[in-house]
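When the chains are written out, they are named A, B, C and D in that same order, and each has its own residue count from 1.
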Amino acid sequence: MAKLNWGMIGGGEGSQIGPAHRLGAQADGNFVLAAGALDVDAEKGRAYAQSLGVAADRAYAGWQEMLDGEKDRTDRVDLVTVATPNSTHFEITRAFLEAGFNVLCEKPMTMTVEEGEEIVRVAEASGKICAVNYCYSAYPMVREMRQMVKTGQIGKVRLVVANFSHGHHGDAGDADNPRVRWRYDPAMAGVSGQFADCGIHALHMAGFIAGDEVRSLSADFASTIPSRMLEDDAMVNFRMEGGTVGRLWTSSVAIGRQHGFDIQVFGETGGMRWASEQPNQVFYTPVGGRTQIMEKGEGGLSDEATRLSRVAIAHPEGFPLAVANIYVDLAAAIRGETRDALPFAVDGLRSMAAVYAAVDSAKADGAWVDARPPILR
Amino acid sequence: MAKLNWGMIGGGEGSQIGPAHRLGAQADGNFVLAAGALDVDAEKGRAYAQSLGVAADRAYAGWQEMLDGEKDRTDRVDLVTVATPNSTHFEITRAFLEAGFNVLCEKPMTMTVEEGEEIVRVAEASGKICAVNYCYSAYPMVREMRQMVKTGQIGKVRLVVANFSHGHHGDAGDADNPRVRWRYDPAMAGVSGQFADCGIHALHMAGFIAGDEVRSLSADFASTIPSRMLEDDAMVNFRMEGGTVGRLWTSSVAIGRQHGFDIQVFGETGGMRWASEQPNQVFYTPVGGRTQIMEKGEGGLSDEATRLSRVAIAHPEGFPLAVANIYVDLAAAIRGETRDALPFAVDGLRSMAAVYAAVDSAKADGAWVDARPPILR
Amino acid sequence: MAKLNWGMIGGGEGSQIGPAHRLGAQADGNFVLAAGALDVDAEKGRAYAQSLGVAADRAYAGWQEMLDGEKDRTDRVDLVTVATPNSTHFEITRAFLEAGFNVLCEKPMTMTVEEGEEIVRVAEASGKICAVNYCYSAYPMVREMRQMVKTGQIGKVRLVVANFSHGHHGDAGDADNPRVRWRYDPAMAGVSGQFADCGIHALHMAGFIAGDEVRSLSADFASTIPSRMLEDDAMVNFRMEGGTVGRLWTSSVAIGRQHGFDIQVFGETGGMRWASEQPNQVFYTPVGGRTQIMEKGEGGLSDEATRLSRVAIAHPEGFPLAVANIYVDLAAAIRGETRDALPFAVDGLRSMAAVYAAVDSAKADGAWVDARPPILR
Amino acid sequence: MAKLNWGMIGGGEGSQIGPAHRLGAQADGNFVLAAGALDVDAEKGRAYAQSLGVAADRAYAGWQEMLDGEKDRTDRVDLVTVATPNSTHFEITRAFLEAGFNVLCEKPMTMTVEEGEEIVRVAEASGKICAVNYCYSAYPMVREMRQMVKTGQIGKVRLVVANFSHGHHGDAGDADNPRVRWRYDPAMAGVSGQFADCGIHALHMAGFIAGDEVRSLSADFASTIPSRMLEDDAMVNFRMEGGTVGRLWTSSVAIGRQHGFDIQVFGETGGMRWASEQPNQVFYTPVGGRTQIMEKGEGGLSDEATRLSRVAIAHPEGFPLAVANIYVDLAAAIRGETRDALPFAVDGLRSMAAVYAAVDSAKADGAWVDARPPILR
């Protein structure tokens, strides 16, 4: 199969997420990096792109130049990844969609609900793919959990308990560190800190596995380091459309938790739990029975799990390959196959609506509020 | 040292908690079972007490008879354990305290806040010990955590996250099982189901370790099995007097969790976590450092932890010996030593106030309410 | 049921194993400490016994005095526990058996194979119980594993892999510490260090679970701290009578392992593993299937496991209650019931034969040698 | 940096190891697949290579054709990976080395010690890189352990305990399955089954971390499924040049173990353990201190660990990226940097010598034999 052409905006030298995308796009041989506007510093970006093998005329100074340069090429990029600072996602994603490109946007897709709604509309109008990088949902065993719910293996889902807590912002002495500070500064981070940063991964996964969507929520936010203007710890209770109860805790001051993203899903006839630090296993318990350890790569798993696993049972696959799985599905979708487990623009919109709802609820002392975007009510 | 005389009310043949108390009281040779009114069926209770070595004239038909029989003896029991159905705790505990006995009462100490306040008053007036069996607080490593907070090893406590969730009531088909049903029936269980049953253990421990008390809370209750009149799943957010943020999740429908009582305590300079299924370890992380595995019995622990451990490091000690530790401390307190880590009547009262506060909050859609008993505001 | 009278030799104030025996004998109300010769210092021993409730005339100055004092009493002790220094076990155990007492002897039962054979003969002639405190075999889930093998749930046992390794003697600077040194000094410890101290627990358990006995073995001993005259690390390969292959590693210099006693049993149709630091679970895997987590106290376990568990599922029970389980079974056996899972004198003898065989093999560069006691070949 | 040209022999459609190599070589953008002879079926191989982007004239029918086609090109491949059936590794590797290519050979590098010695000589003469794919040694935390030993953090290494055991060949009914059977058939697998297949990974890692080499060994082999001509379970005791004691257990009938490759390293002042199923952590214990959990990506690790980690702390990286790390180091070495932690031909040779030594020892009832290749004695 011919490789697809891939373009990247942001993710330049020294960025955290850039390497994960490059590895993700190239690991399975689906994409070749054909164009890029990798850095806000135009020259640095052009040089870096070329060092990665991009031809000089496709190593762009900025995203607008890239849009102009690519849109009329016959070998234009098949997919654009947007990995720029959060506040620019909306504008870039919209522009590329409008020009008929497929886009993978880093989260958060937008800074407001209105922007999110616009992306959804633009994506629909364009007929192109607009995906959002909720990459944890592409772990094979997370896909397996979703299939287990879908096929009724745990019955109706009663309860979802999700956590995404770490302690890497727990040092008050670090509060002025620019890598940390911006996340709690409304001028840069928007209306929410930790919930918008990490919590929405967990919220997306809750809906993803349960096969349902959040309808209403009640939030309790805290800035446990008092100098912070935005929350560094949040608890969000929610209800899904089908009545499922949800509990979501997210924190950045949970010293000792490293990457504490885990989820428990409890249904009428069984329960499951998964943790991102050991992503290749699911602990599944049928009601009245023993807990069983399910392994990535074991026989009998769903096709969704099996086709996203590259090596044999108990050979761990980690975070970069979860990102790669997003690209595997994007490549398939671009080539015309159906990949409905991909996180799309509507998921990015729902997240943004949930963030604003949580902020409103927290300000209103935990009052229950509608968590749905207006156009989806 | 002469053994202390011990009397037991309830906990007869076939009861779950009876054996734990008998083992707890006798394991370390502090108490000898000298009197008992073990069963609501007087004859059965008298026979069973005698089979356990109680003299015929101290094998009583009921608690009133025991009170009458013991109160004027010179060798009267030094401690009475009340392990009867919940609704009778108040009356029995009050009566024995008023007659000058030391009492260990099973939780919940009372069914209402007012009763709780009365027990506190009566206990104070009597000058006797009134303890409540929050036995998890007597695990050596839980005591260690309390000492670590007290001595500043994790700095000011910012956040406590406690869970007490299991899945043993997760089978809807079991809803009519009398061993399960009563817990969700207000006629028998009172105003709260799972929170009053398990959650208050976690709430007590949060305060116990943090060295602080809950001031206000906001609750979300759910009956995920719809036939239930009381909650089988609850989330309670709280704030302590000193500002510590609290999160407490408790559930009885978390299929796959067996005895999921665990707690995480996060301070300015470190974090700790403990889980009741592996009670002999604490995972401690200094801010910016590596997680360390602390072991019961290791060198350098506090006296509170060391004196409650019987066997060498990594030889596990379990639940029955946590109960036994309550008796170890009670024996010491009866003999005149100070044992301020024991859970006393005031702790039983605070729990009851928190239960009512949570019920009120849940009914008011999560409104924040005062969680303190009126006499302690 | 009337309590049984219990006598103890050794285990005085400050001993490690004494408290475990006292708790074990008394926890379930089967035994009352009626007589004792607790200390090599006669006065200290008598005083301590009385402080534990022993009558003055049964607080003996030494084991011979106790034998004389007890043997003609009508209320003589029903069971004598021998918890003295290793080199005295043989003489005391033999004397009490010959006088018609039931005996529980600490391990090692004797210092030589010949002594072991004599104990077996004397015990048989006496018609009394002579048990050896291989207490790990009395954990409920270890009993369950034995039953699973017996009932064919994992098919014929192909392979047993057992480890008993810790790191508490890993500090060379500690080599002169008297609490450590004696274990590696032939004058006090006999022919073997770590294998005789810890390894034989693992070897006993291998036979106990597999329902088979070691026939031959090959050993590799090392003194990784060169000043030691006896081994601090040993590997023993063995074959059982039925052909099962065995691997046993034991070490006292495995820094970081605390109480690393674990066992894996692999049969034709399944595998199981258990670890003493988490003794309430067994991980069981049917061939071709998923690993299942079995819990002490779950429904459907064997009677052997169920009757030795005191509290509900996932309420951990630990080491002292495993010792207590030995006493539970001893009480039953004394009262006339069959308790064939108890470790008896023959097991103590087999251990001693294995120790000598391992020493011989290690000296002969790992040559395979017969591991059976002569009288059992 | 310009990409390096990479060629692959074997690893065609449906192979297990092929995808891991392709991902490994391409994940970090160092190599581009420029040539290949991927399949024993020439047409299938050529078609598959072209589907992966190889130009038609470099999609070869076989390795000899590839050698002929590449050797005179100015853009000849910079590295050849040999992932063909075991018995062909020697011939192909030798031929490419002799023609001046760098080679990465799958393990086992050869089938005999003599062949291994020849590869070492040829590689030396060629001045080219000949690496062997002991990919586990390229996990960041394994590299960290090696550095810890090298810098004296655990003192002199006393003891290494390594296991590589799984249960995937535990079903006797599967013994005729061709995917399983060949491994126990001397005609195809050579002199050893499980030890040659998995054990040598563990043996290599023992030397790799300890910074030492095996000098002598004693082995016990068993065919627990009797129809097998080669061992499916083996225990190997060894001594390193510096006196370190080694224990290595490997099994393919350990039902319930999935990919049980783990290692424990014990020195004078500390111990460490690592397990391949959780490869991003090391448990490190300083003598007399608490166990610390080290995490891939934490601050303060060695450069060896840091430069092989792609994503932040506690974002797991798995097996395919360990293979990728081999390619990262190969790319650096080809570009002229020093990468002495790569496994080279001499390591492949040592493994083969150890396999033959173990076979000899097992046949001689565990006699200790020299494990070194003749040219390295």
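Keep this in mind: a contact is a pair of C-beta atoms (placed from the backbone, for glycine too) under 8 Å apart; a residue touches a chain by one contact, two chains touch by 3 or more.
These numbers were taken from a predicted model, which means no experiment stands behind them.
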*Please give the intersection of the contact partners of subunit B with those of subunit D.*
A, C
_Among all chains, whose Cα centre is located farthest from the one for subunit C?_
A
_Between A-B and A-C, the pair joined by more C-beta contacts_ = A-B
*Please report how many Å separate the Cα centroid of subunit B from that of subunit C, as a whole number.*
35
*Just curious, how far off is subunit B from subunit A if you go by their C-alpha centres, in Å?*
42
_What's the distance between the Cα centroids of subunit A and subunit C, rounded to whole Å?_
55
_Touching two or more other chains - residues of subunit A_ = 288, 291, 295
*Hey, which residues of subunit A end up touching subunit C in the complex?*
288, 290-295, 298
*Hey, which residues of subunit A end up touching subunit B in the complex?*
154, 158-159, 161, 167, 170-172, 218, 220, 222, 224-225, 233, 235, 237, 245, 247, 249, 251, 253-257, 264, 266-268, 270-273, 283-288, 291, 365-368
_Quick check: in the complex, which residue numbers of subunit A touch subunit D?_
1-3, 16, 19-20, 22-23, 26-29, 33, 51-53, 166, 168, 258-259, 276-280, 295, 310-321
